[in-house]
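Labels for the chains are A, B and C, by order of writing; each one numbers its residues from 1.
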Amino acid sequence: MARTITYREALGEALAQEMERDDSVIVMGEDTAGGAGSPGEDDAWGGVLGVTKGLFHRFPGRVLDTPISESAFIGAAIGAATAGMRPVAELMFVDFMGVCFDQIYNQAAKFRYMFGGKAVTPVVIRTMYGAGLRAAAQHSQCLYPLFTHIPGLKVVVPATPYDAKGLLTQAIRDNDPVIFFEHKALYDLAGPVPEESYALPFGEANVVREGGDVTIVTLGRMVHIALEAAEQLAPSGVQCEIVDLRTTSPLDEDTVLESVEGTGRVVVVDEAHPRCSMATDISALVARKAFGALRAPVEMVTAPHTPVPFSGALEDRYIPDAQAVVNAVKTVTGWTR
Amino acid sequence: MTDERIVAVAMPKWGLSMQLGKITGWMVAEGDDVGAGDEIADIETDKIAGTLESPQAGTVRRLVAQVGEDVPVSGTIALIAPADVSDDALDAAVAQARAVIDAGVPDEAAGQPVVETAEVGGRKIRYAGSGQQGDVVLLVHGFGGDRNSWLFLQEPLAARYRVYALDLPGHGTSAKDVGDGSTGVLAGAVLGVLDAIGAPRAHLVGHSLGGAVAVAATARDPARIASLTLIAPSGFGPEINAGYLRGFADAQTRRELKPHLGQLFADESLVTRQVTDDLLAYKRLDGVDEALHTLLGTLLDPAVSVRCVSPSPAGSRSVPSRVCSASSTPSSRL
Amino acid sequence: MTDTMERRSLTRDQLLGAYRMMRTIREFEERVHREFATGEIPGFVHLYAGEEASAVGVCSNLDERDTIASTHRGHGHCIAKGVDVGEMMAEIYGRTTGSCHGKGGSMHIADLSKGMLGANGIVGGGPPLICGTALAAKIKSTGGVGVAFFGDGGSNQGTTLESMNLACVWNLPAIFVAENNGYAEATASTWSVAADSIADRAAAFGMPGVLVDGFDFFAVHEAAGEAIARARDGGGPSLIEMKFTRYFGHFEGDQQTYRADEVARARAELDCLKRFAARVTETGELAQSDLDAVDAEVGALIDQAVDSAQAAPLPTEADLLTDVYVRY
């Protein structure tokens, strides 16, 4: 179909193509160029993991490094959005949301509603999430449930390079505030991505694998864990259908429910903590709207209710793995009253 | 020492871009006798699912590839040989064949047709070719297709001709701008590709919209076109499947698209997930929605149809033409 | 405190306009105070009476290119930036004819078409937003500026301090206006602001800071004019600290037992409207009859606003779900 590039490159390409297409798109964040005021290279980092590399020179004046002042520059991105710009701000690690959350959930999310429909806030906040790099408790969380809970925000969690480019393109073109979650362990994942620009709609889940025996609802990096589990289960005749949510807000309920109507069995795989999460959200959705189709209770495969541990020996047990998913599938397929 | 009586059944090349085929089912077992043309294996590629027919009559002595396995194009998947060919000879042939399969896809450079780009009327037009000798044949796809649409035709034609296929404006990886969407614009792209190839004359094969385009190209430069083969061409009558065309153009999701794709094929089972996904990804590229809807205007305009059928200007030589109707739409029938 | 300074001469129209604006704010707030006491106005209101010279002295230097952000005590800034008074009153009453169709209320009145980014229910919520609008103005070369109003309470909020630093680092056309009315809720600013004055903090960020008598329209107008001109010229941000007092409580219903009797004195001796009137009639730039005429017009305007608001329809259930997103 198309050439193969990494998740990181797909994101960078979406940014570059949209900045080319629309002058009002600007980028800001800590070290999004990297080198402001420093004697060496002025584009030294291009983002802590290199997503924005190259943009600083290609689009002069439109890539702004910031001091470490999230509330000020996230707020500035939001304010600039109300004034006709399309800022793409970077909240380096979603774990830092604590120092700027007010600007996101009390300001950006609420302007349109509080101002009676008279505000348009087309801001994108890109942020890294997820465990697996031994970055420990304050740099590894999956906090998308907190944002999903807030009316007025849209929340996007791409799992593949193709989805990353298309969803980031849509996020930039979208006229509502979008929080865009990038799993730090996916940046090197390669996949086919068209060279041309394209936008993927929000609120459209992707059935990445078809199967009639169980519905695995998942998102982000866990999509790949679920695929691994499905490959392990296939030889024994259990065919898993995997639904990648892609966006948690808006949520594609129809695709989830349609799948559950077909299989009657649900496993939700979510790297976030189990309380008040996407796992509980989907479980409730299915219990309310597909109750008649269910042939077993919903199984949730999530991280535990603990902070993310540092030691690899612990972190590897913290993150849901294919075996945990296989076990959950066996539970629902083997369940009898 | 290879026994020359062993016939290797090879993974076919269905389309320019095919590199791998997956065996999804065997219709024969080791020891079965087959006739030439009998169906022996179901094969799925990233573009299509189809059934391979036996190249020869004989006894199937070995199945080399397993169900679920990806085999590189031209890799051996089965061996047909008379009953008296020794097991040792067969085992050796199997080992050789397995080595190829296990090695996986050969690197990009080997055997892949080179994709070229021509600048025609300010638009980038992509095309690719295969085949070493003979006349130039240019394949022109239909509405919503691309140069990879010619799946089952490519290989047999490449054996005798220099076969090219292009992405029309608005399609594939060519520029998505279609101007006013008239057949004239598209015909310009066709003739532009012939210029780029350096072909003074060529045979045109056009399907659906590509048929109307081929006719338009011929009308513009009749001396250039050696022959016209039109497969279920549009513009030759009122019986155009407007529902399919409109549905295809309007579909925004996989759910909306799938029912219309079934109409593209004689056998609906040929519509794989990948086909649907690839088409949806194509439709989501910037500019495609606009291009398809503009072209829809051309296709559904009765005045355009009439123009296509009117006689060519006095003095032009006639071009040999053949029309294949759409009693069953393009598939392995071709 | 600034010494009596040479004031730039304002035209008759400008003087009348400034007086009208201040009088409108004063009457609006006094009326809301009376109406709130009847129990008809829902939620919380925070009144600006006494502080008019700040809003009007600053905003009379602004035009349609410029943006302002305000606080929970935002009626004065809204009026000074040109938000429709009738729509504001209706909003406070929670009616569909309000500036925000009844969905925002007193603390969230906004009109982006007038460059008014809203009153804000979060202390310190405004300054980062103004960094954004100022950035947009700079990138688009509109010549526009952004003004962030905040209180003595807000001057201690991290967002405000970060915004000042960011504005200086990016050299933004931003003006930070600290309205020090002596109290953050019930806590004195002399206690909560550790430095001698908020204006002194400007130097720490590398921008100019001035302290201004917030009851003196002319002093405010001059100081703001200078800061705004500097910003428009690419000279970067400034901080202005207004010192004055608010005539009412932190919120309507506040018993204000934490205060002494400074309001009575202020109303009698320091009031910005009285001082303005005294000065312009003394110099003969305006006649008392000019001012009386304005007072009468403003009185009628406010009466009309209240009558309309009280008669206006409430939002319906369908309105509950609208305008969360542009398109979901």
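FYI, a residue touches a chain if its C-beta (ideal position, glycine included) is under 8 Å from a C-beta of that chain, and two chains touch if they have at least 3 such contacts.
Small disclaimer: the values here were computed from a predicted structure and weren't measured.
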item: Chain at the geometric heart of the assembly (C-alpha centres); value: A
item: Chain pair with the most C-beta contacts; value: A-C
item: Subunit A and subunit C: spacing of chain centres that average the CA atoms, whole Å; value: 40
item: Centroid distance [mean C-alpha coordinates] between subunit B and subunit A, Å; value: 38
item: Chain centre separation in whole Å, for subunit C relative to subunit B (CA means); value: 70
item: Contacts with two or more other chains, residues of subunit B listed in rising order; value: none
item: Of all residues in subunit A, those that touch subunit B in their complex; value: 1, 162, 166, 194-201, 204, 207, 210
item: Contacting residues of subunit C [partner subunit A, same complex]; value: 67, 69, 98-104, 108, 110-113, 117-118, 120-122, 125, 127-133, 135-137, 139-140, 146, 158-159, 162-163, 165-166, 169-170, 322-328
item: Touching residues (chain side subunit A, partner subunit C) in the complex; value: 26, 61-62, 64, 66-67, 69, 71-85, 87, 99, 102-103, 106-107, 110-120, 151-152, 154, 174-176, 203, 250
item: Subunit A contact footprint on subunit B (complex, rising order); value: 46, 173, 176, 252-254, 273, 278, 281, 284-287
